[in-house]
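Look for chain A in each of the two complexes below; its partner is chain B in the first and chain C in the second.
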Partner chain A sequence: MDPLLSFVRGQMLEVAIAVFCFGVLWRLVGVTLLRHVRSLSPARYGRVRAVVEGSFVAGTRSWPHKAFIRRTGYGEALGYGYHLALFIVILLFAPHITFLKSLIGLSWPALPSSLINIIAVLTLALLIAVLVRRISKPVTRMLSNFDDYFSWLLVTATVVTGLMATAHLGAPYHQLLAWHILSVDALLIWFPFGKLMHAFYIFPSRVINGYTLARKGGAA
Partner chain B sequence: MADSDSTQTVGEALRAQGISRRDFLKFCTVTASLMAMPPLAGRAMAKQLASMKRSSVIYVSFQECTGCLESLTRSFSPTVENLIFNVISLDYDDTLMAAAGEAAENAREAAMQKNWGKYVLIVDGAVPTGDGGVYHTAAGKSAEQILAHVAKGAAAVVSIGTCASFGGLPIAAPNPTGAVPVSDLVTDKPVVNISGCPPIPAVVTGTLVHYYTQGRLPDLDSYGRPLAFYGNNIHDRCYRRPFYDKGQFAKTFDDEGARNGWCLWELGCKGPVTYNACATLKWNQGTSFPIQSGHPCLGCAEPGFWDGGSFYAPLATGKWGRAGETRPRDMAFVAGAPAGIGAVVGVGAAGWARMRRKHLEDKPREEED
Partner chain C sequence: MNTTDVAVARGPTPAAHAKPDSVRDAMGSFAREFGALAALRLESCIHCGMCAEVCHFYIATDDPRYTPVWKVEPFKQAYKRESGPFAPFFRWFALKRKITPEELEEWQHLLYDSCNLCGRCSLMCPMGIDVAGLVKEAREGMFEAGLAPYELYQRAQSQYQTGTPDPDATPCIEQLRAIGAEHGVNIPLDHDHAELMLCVSGIDIERYPKQIVALSQVMDHLGVSWTFRSEALLAENYPYLAGARRWEADIVTRLAMEAEACGAHTVIVPECGHGYAALRWEGAELYGKPLPFKVLDIAEYLAEQLRDDKLRLTRADGATATFHDPCELGRKGGVMEAPRELLSAMGIELKELENNRGFTFCCGGGGGVMFIERANALRYRAMEAKLREVDATGADQLVTTCAGCRYSFDDARAHFNWDKSPYSLLELVAQHLEHKGEAGA
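Then we have the complex of A and B:
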């Protein structure tokens, strides 16, 4: 077997998973145990109800308000679109399920590979549209830093190399597969230390925000 | 074994063996088409091959199991391939020849002297170089010495099988005999690798016929294998490929998927990363090949296939654990230990942040005091 392929699916994948698990737990535990600012306003709800209300608010406010939908709808659609497409490709492609099964021991039915290929192409198109939007709008351009572009690059590289591997484009399959797994390894290593960590932060932070607002009466 | 003193042409020798002109033309046409030669090349090849004097081939064996030679010369039904191989003038093969000991060594020396600079050397097996070469000796000489000696007068060297081409089983970790492939030792002659465990007979004879009729070795891939036979991976030519594309996989060797002939990828098939002609040429005169018989490809034509993890682990899985196959319990260590350390570091980082914050909050008060 190709030495690079052997390395990226052997020792390097092992290191990448170890770094990923270390980094994610470090940041999750570290942030969770930070001292939170004490709320001085009188509590409107009990803790349980505040969590329920907060979760509800976190859900409803993850969608653009109708007053802003004309202004933000395109960006939101792009964001949700590529996230959804990416999740379908990651979780419902047969080889990915096999990989996850080898890690966690669970498996589920796959979608046909040809359908996954179409969704992967759509994912790539949406990723490119997201980048174009980010660069073309002055505000998002000024808000962006290395972290945003590097995270985008790693995700896109993984999608591109995956598509190339399934289509056998440009190089022998074993090389393409090695590049794909190499990009996954790089993604796993970078994941906890960059903005990709939002995958773990986003829902707890929204629920905590919702909970805090609910306790203050702002969730009504 | 061929008689090296014979003045017969290859055509005459084949006719004497009962091979008809039709069979011979068929062989040449198929060989030419397999090697992506122009349509009329088969006829030209037949003409040239039939009229050429038999050329000398010397076959030496080192660390190998004789499976390659067995594959090539299987005798239950003599084929044009193995007759061509023999008739081309196999002057020395220590496994096949009747002579032994000094007589065999003398026969090899005689063939070498007579055909110096013109014979083709076929090597079967890896070459052990560890501990002074004690793991393979013949007539008091190590395999490395024999190879250096025989290769000196060869026009070209053909490494037959994965052991000779890439080290095969002998080079597998921890490689106790210090085995190396032929191409590591023979660097001043053209070397062609015909990998496979064993290689397909038609690929061996096709390469030899190409050399004798074209006067040069065929175009090679990055691993030194004839591109015409190793240019495509098995997955691309596999008749089960449509099932891969549809996401239909056999999960075990006796489930519904296996009975329906679905793709064997989840059973560890290495077809996607293995370059060989198994799916097109097949074995036993085009009867079948491993995948057609219901077994995943092991990837035997690729370098390091013994060290590539479990034969039955799908390519999409990681490659670690005792059997080179990722399993959930291996993950407990690979992921669990770093996660635990990460959690401890997280607690420490949060504690440090709290102390720092408290320090910053207390500082103005101290200054006010």
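Then we have the complex of A and C:
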């Protein structure tokens, strides 16, 4: 077996998963252990209703508000679009399911590879559009830092190497596969340190925002 | 505990320039006292820039500096350096540098002059970050660093020390008495026992005395036992706007103690958005225990009385109005339907603004911006969209329920030569009170 392939899906993958798990846990616990301020003001319609209404925001925030869509629609379509496409590729591609089964022992039906390939190309196109938007818009250009570009690079590298591996493009398959898994390892290692952590923050953050507004009876 | 003494001893000076020590202390204190909620908000930002697209300051100028989440950038850096889960990592590898006094001074403009704390951005953020909440917390850091704008600092300090925000004005209590005498209305003051304790807005005392008259007329019409308390007269809380947390707590504590002293079961906040927010949504937290009384905005209270058939109003069928939802009352406070119920009961046809209720644009003056003179030019630009929306409704009149918003619109009227005058909902209600023997339509 190719020594690089053996390394990246053996020891390096184990290290990457360990860094991922420990890092994510550390960062979540680090935030959770900070000071908590108890709200003493009575909720307008009771705490239970505020929790229920707040929880809905976890989902509803993904749907653009009518009042905002004219200005935010394009950015939202790009952002949610590439996330959706990426999840389909990660979770519904047969080799990925096989890999995940080896990790967690569960499997599920896959989409046809030809369809996955189309979605992966779409993912890549959307990722490029996201980068163009980030660089071309003064607001996002000003907000962006190393984390934004490096995280984008790792995600894109994973998609590109995956596409190359399935297309057997440019190098022997085992080498392409090694690069693909290497990029996944790098992604897992970087995950807890950068903005990729938003995958874990997004729902608690949305629910808390929703709850905060719902307990006042305000807009959410 | 006498919070007054502590605050005077530790309160910052309204310095025009931050000093390195005070900046260090402020950022350190800000970072150390960071709560889990604020940390989650800062950790979550993905730099998507969506918040800019809904902020009237950015929409009006296209200046990326007015991106809401950018306004807390130094504090985000401080959090990551000082108290985030990877703080040592960021310090050892110098990945997050220290904020300089000069940077913090530059941010004064972003945190105060170009943010109304209106919270529209908090509705948009795909990550669910309450950006306006972060700006408010950052203002507290700025205040500690001596970087609150002078006008806001002065009003906060004067209200905290004397009960009257304008240090050059006649004390509010004397002005209130004079309004009562001039207009011949009942001004119950410092009654030992009352069901309701009422506050007034300092802006109303200074600029809209008919609001006080209307308040008195409506309360007397309802026949309830009510009083003002001279030690807790104002609903406003300028320290809330300046970022002076301890002074804010002191003012809320005075209100709570006075309400307890007269046995009021309800404290009614007049038309004042941030005053309502400070007492209704932060009051118990600042007081340190649940408030032993209800807090109602005047429109909420009147709508309750309307539903109970205690408030009876005459109708003005054929009249039209548009309604401006004050941000602190509507989007951030949940008082959105009560004003509409009252307008409907008066037979006034409501022509809604394009962006209404929770999605309303700020009047431009909120968050204390109205009082920062150097912010005037920017404020006028930011509020133009709002004025266009009002004009587009074609309504006869513009009604609102916040003295600050009313002042802001009045100021715009003078500045733009605008042909609309903002009306107070309470004054409209007072004009439509149904007197004995008078039948409603």
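Going forward, the second predicted complex is superposed on the first by the 208 of 220 C-alpha atoms of A that agree within 3 Å, B and C clash if a C-alpha of one lies under 4 Å from a C-alpha of the other, contacts with A are read in each partner's own complex, and residues count from 1 in each chain.
In this text, contacts are C-beta pairs under 8 Å (C-beta built on N, C-alpha and C of every residue); 3 or more make two chains touch, one makes a residue touch a chain.
In this text the structure is predicted, and so the values were computed from the model without any measurement.
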{"item": "Which superposed partner A:R35 touches (first chain B, second chain C, both, neither)", "value": "both"}
{"item": "First (chain B), second (chain C), both or neither touched by A:P138", "value": "second"}
{"item": "Partner chain in contact with A:I104 - chain B first, chain C second, else both or neither", "value": "first"}
{"item": "First (chain B), second (chain C), both or neither touched by A:R9", "value": "first"}
{"item": "First (chain B), second (chain C), both or neither touched by A:R44", "value": "second"}
{"item": "Which superposed partner A:L177 touches (first chain B, second chain C, both, neither)", "value": "first"}
{"item": "Contacts of A:R27 with chain B and chain C, given as first, second, both or neither", "value": "both"}
{"item": "Touching partner for A:V52 - first (chain B), second (chain C), both, neither", "value": "neither"}
{"item": "Which of chain B and chain C A:A125 touches, first, second, both or neither", "value": "neither"}
{"item": "Chain A positions touched by chain B in one structure and by chain C in the second", "value": "26-27, 29-35"}
{"item": "Residues on chain A engaged by chain B in the complex (per definition of touch)", "value": "1-3, 5-6, 9-11, 13-14, 17-35, 94-96, 98-99, 102-105, 110-114, 116, 168, 172-174, 177"}
{"item": "Chain A-touching residues of chain B, taken from the complex the two chains share", "value": "233, 235-236, 244-247, 249, 265-266, 270, 272-273, 275, 299, 302-305, 307-309, 313-320, 325-328, 331, 334-343, 345-347, 349-351, 353-354, 357"}
{"item": "Touch list for chain C against partner chain A, complex", "value": "33-37, 39-41, 43-50, 52-54, 58-59, 62, 64-65, 67, 69-70, 83-86, 89, 119, 122-130, 133, 280-285, 287, 289-291, 330-336, 355, 357-359"}
{"item": "Residues of chain A that touch chain C when the two form their complex", "value": "26-27, 29-42, 44, 57-58, 61-62, 65, 67-68, 71-72, 75-76, 79, 137-145, 148, 193, 195, 197-198, 201-202, 204-210, 212-213, 216-220"}
